[in-house]
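Some structures to go through are shown next.
In the two assemblies presented below, chain A is common to both, partnered first by chain B and then by chain C.
What follows is the complex of A and B.
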């Protein structure tokens, strides 16, 4: 049901942009107003979110340790999986953020004749890596629309991305990988029973949205060509705060930019904030050094505990009879 | 005690969730899967809210009228106090990486035991009351009303989680269900919704110094029983001290080691080792609990129980503290103690009086794990060991959840075992170290009335033991945790009969050649040593 709802919602969004541009001629709304509003929402929303997280303190030092602790000098510490210094933590976070270290551990369990067996299962890791990295590269490639002249590193990136040298315009692999990966991520929500069971509407919305964004992008580049000069004029207008709507850009561009705007605006209010959250996760970004260095809880407060005096008061006779020393005879 | 089905039946587990969505599936309280509700007297001892007589099987849990406000207010407060909680409410993408990582899911197939869904039980309420989309769109945004049934569901499932943190190892964002369970339990405790098995030890520990409620003279006499056995085995009479001022070291261990085997054998191990070293140490009857069932209740309760350790160290004027083999005790010491009750500036940085090694890794808390202490002794050649005395044992090692994922003490116990035993075999890689499975009874689940839950939760662990049992003939499961020593024997008898359970220091003491000992013919369990069967014990 969540999937159907999300699918229909995304189709409606596409239709909305189509009708808005083709029928009502609202190019300025879809090409200028909405993108600006979306970016503003994105920035404000993310700042709000991060401030909200940041304002909750870390009262306790709770890294999840995944390797040998630092203890005796002759025991080899696992400095990346159980860091005790900031350098180690940076290494651990880098592995997590760039290579999805934890997902790489993934295994699959199977029950056969009353016995559990575990096998390596790297598909989610692979799809996750493919999805996030290709998305990043696709995003970077789009800098071309917001900079004149185009920075040289983009040309390098594009030649790498298009190294297969097929098609005119040259085929970028990342666009295809992105679409394939997002399709896999969607299909596993359909076909893995447990994942299907836990999936919410808000898990399907971003998948369909990203799928639509990638598809419209690919369609625009390879099939329904749009006036690329006009597009650049529009995007440069946006980024230089001098927006214009050049004539004759195909409707598919407006659909594409509208879907992206929705994705940007949706971002801070959805699970997509995991992107920022991973950096703040106290089970990952703290060193396991709480026996070496005192960690302060800003809201620590004194508590009542049963004092030794109270204890001795109650048990003095029994203690004396048993020959256990007491404070007061 | 509820009847537990036979292992053949229990191991038929269906992992496929039903077609019906979980929010529409009412929770069924299954006999054997949950604990008795707490008695009023325990809550009264520690001044906890809503003490009353109630039963978790009743329809009416006798909650205060404004329970809903209490819960929502408590969530709000904790969102502001714990970044972990706020973050973990927001960033889950429900990728499912954690789904089959939880022993309670693997043992029950109950989808609400998937860590992600256990968290969603709380998250759905969070979304409905604390996020804009949830407030406006409700269920469409994954929100859910907080109802009496939801509260009962929380109670049922937050007490089917052993706070083992295995899920957090696999989560790409490090979301730790233990945090959510702990906060969930803390909130439930504001309504007087604890289990009897947790609240009882908490009250005992608060008033008498330890979970078991052992009074000072009983602690001493229990240890004296052990001393008698040690004398029988070694011919040496040991005379430990209690509450002695001016000792160099205070020794704190879970009270489970003082009562009931095989914990007592581990305790005998400490006694023999410390005697052999001539260690200047003392026991305390006041701070006679290393474990902390308060940790399964609320942060505040945990701190109140933990406070006694430093208080007693200060009163006795010791230089540093040595801690026995225990799981969650060491998570608390490693990650919480100094923050709660430090700074321990009245103590000194621990230095082993035997080897001179300085425990720099404990320079702030000033508390050393006994496995670190003993590994150092062995490495420095301070112990005379005869591992052949453990030759009748084929040993494997179970990493306890808390010392594995909340500390990372992996090599120390293994180093010790390999030096005191000749036959050591590891369980499969997916089931040890940071990927270790819980015994199924951690975090206060080791009661009697929830036996089916315990056997199910312990199934993956038992399954791995069975693997090395079949393959290498492993007959001894070593560990460094008092709850393990209490819970694993039952688990082994149920799933892998023929495997016994031991603390690491029992193995040490078996191998330890003591000055002036007679020729040993028995191990610490008073069973004949290999090659000494039938020998007359004189």
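What follows is the complex of A and C.
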């Protein structure tokens, strides 16, 4: 249900851009207004979400750990899986952000001959790595539309990406890997019963949206050519705040930029904002030093207490009268 | 905000990445490239047209060049029959570049603007242009 809804929603978005540009001629809306609004929503939304997380108190010290904690000097500490210092936390976060360490540890369980068996499951990790890294490279490659001249390291990235020199324009591996990986991530939601059960519309929408973005990009590059000089004129106009709509760019470009605008605008309000959230997960970004540093619950209020001295001060006479021993006479 | 310093630092890094295209282009001219076709060879042509119509060449020239390369190098076929029935010799240097002898003013204009780096000139010798005066070239010997 969620999948069908998401699929239809993305198709409707494509049709909307097609009709808007091809029939209604609203190029300025799809090429200028919506991209600006989307980028603004993206930046403001992500900052809003991060500040909102920053304002949430962490009542308990809750790093999740899976290695030997810092202990006696002759017991070897696992500094990455159970960090006790900031350096360790940075190492652990780097592993998490760049290599998806916690996903690598994923295991699956299934019944075999009536007995529960566990095994490692690296497919999600592999597809996740392929997806995120190729998406990053695809994104970086697009800087060529937003800068003249392009920084040379991006040219290097592009020549590495296309080094197979298949066809002209050169086939970029990352585009294909991105599409394959996102297809795997979608299919696993269809075919693994447990994953299918917990999948919601908000899981399917980003997948279909990214799939549509990648497909339109690939179609545009290899099949339905658009006026690339015109495209760059438009994108450069956007980033230099001097927007123009050159004539004769194909409609597929407007569909592509509309879908990516939707993705950007949707970003801060969806699961996609895990891009920022991964850095703010208390289970990962806290050092396991609760035996060395006291974690104070930020919402602890000052407790009004009554010390024994004060108690004795107040009741000394009555205590003496009752024959109860007192510390101060 | 808890850990405000760290969070603001993170937000600043995020902003630096996201707004890169905007601040990177401040003060840089964004001039649309105008590829020039006023070479002597083209001026001599009675009818100024390429092997295929302009719209096709603009969108598909790279594909055509790739097909030409495969045809000439792999199949040994050096005759191209255009859509209007005219025959051309398949050769980058002797057919394409004979008319478009101004690589810098023609090819490079759009390629540089759109940051396209075709690998034609990995194998082919780029045409010598007026920049290297013949006199200077002689002096080297």
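As a working rule, the second predicted complex is superposed on the first by the 299 of 329 C-alpha atoms of A that agree within 3 Å, B and C clash if a C-alpha of one lies under 4 Å from a C-alpha of the other, contacts with A are read in each partner's own complex, and residues count from 1 in each chain.
We adopt the following convention: contacts are C-beta pairs under 8 Å (C-beta built on N, C-alpha and C of every residue); 3 or more make two chains touch, one makes a residue touch a chain.
Values in this document were obtained by computation on a predicted structure and should not be read as measured data.
Asks: Evaluate whether chain B and chain C can sit on chain A together after superposition, giving fit or clash.
Replies: fit
Asks: Considering only the touch criterion stated at the top, classify A:47 as touching first (chain B), second (chain C), both, or neither.
Replies: Second partner only, chain C.
Asks: Taking the superposition as given, does A:148 touch the first partner, chain B, the second, chain C, both, or neither?
Replies: second
Asks: What is the contact status of A:294 with respect to chain B (first) and chain C (second): first, second, both, or neither?
Replies: It touches chain B, and chain C stays clear.
Asks: In the superposed arrangement, which partner chain does A:55 touch: chain B (first), chain C (second), both, or neither?
Replies: It touches chain B and chain C both.
Asks: For A:168 in the superposed arrangement: first (chain B), second (chain C), both or neither?
Replies: second
Asks: Give the label of whichever partner, chain B or chain C, reaches more residues of chain A.
Replies: If we count touched residues of chain A for both partners, the winner is B.
Asks: Quick check for you: in the superposed arrangement, does A:236 touch first (chain B), second (chain C), both or neither?
Replies: Once the two structures are laid over each other on A, A:236 reaches chain C alone.
Asks: In the superposed model, how near does chain B get to chain C, counting Cα atoms only, in Å?
Replies: After superposing on chain A, chain B and chain C come no closer than 10 Å at C-alpha.
Asks: Return the residues of chain A at which the contacts from chain B and from chain C coincide.
Replies: Of chain A, residues 54-58, 280 contact chain B in one complex and chain C in the other.
Asks: Of all residues in chain C, which touch chain A in the complex?
Replies: Per the stated touch rule, the residues are 1-4, 7, 10-11, 14-15, 18-22, 24-26, 28, 30, 32-33, 58-60, 62-63, 65-66, 110, 112-119.
Asks: Under the touch definition given earlier, write down the residues of chain A that touch chain C in their complex.
Replies: My answer: residues 39, 42-43, 46-47, 50-51, 54-58, 143-144, 146-150, 155, 158-159, 165, 167-170, 225, 227-229, 232-233, 236-237, 239-242, 246, 276, 279-280, 298.
Asks: Give the list of chain A residues in touch with chain B in this complex.
Replies: Chain A residues touching chain B: 5, 49, 52-62, 64-72, 74-76, 78, 81-82, 84, 96, 100, 102-103, 105-109, 111, 114-116, 118, 124, 128, 188, 192-203, 269-271, 273-274, 277-278, 280-284, 288, 290-297, 299-300, 303-308, 311-312, 314-315, 318-319, 321-326.
Asks: Touching residues of chain B toward chain A in the complex: what are they?
Replies: 7-8, 11-13, 15-17, 21-22, 47, 79-87, 90-97, 99-100, 106, 111, 114, 116-117, 120, 131-133, 140-142, 165, 168-176, 179, 206-209, 215-217, 220-221, 242-245, 285-286, 299-300, 303-305, 307-308, 311-312, 315, 333-336, 338-340, 342-343, 357, 359-365, 367, 372, 375-376, 379, 404-412, 415, 428, 430-431, 433-435, 459-460, 463-464, 466-467
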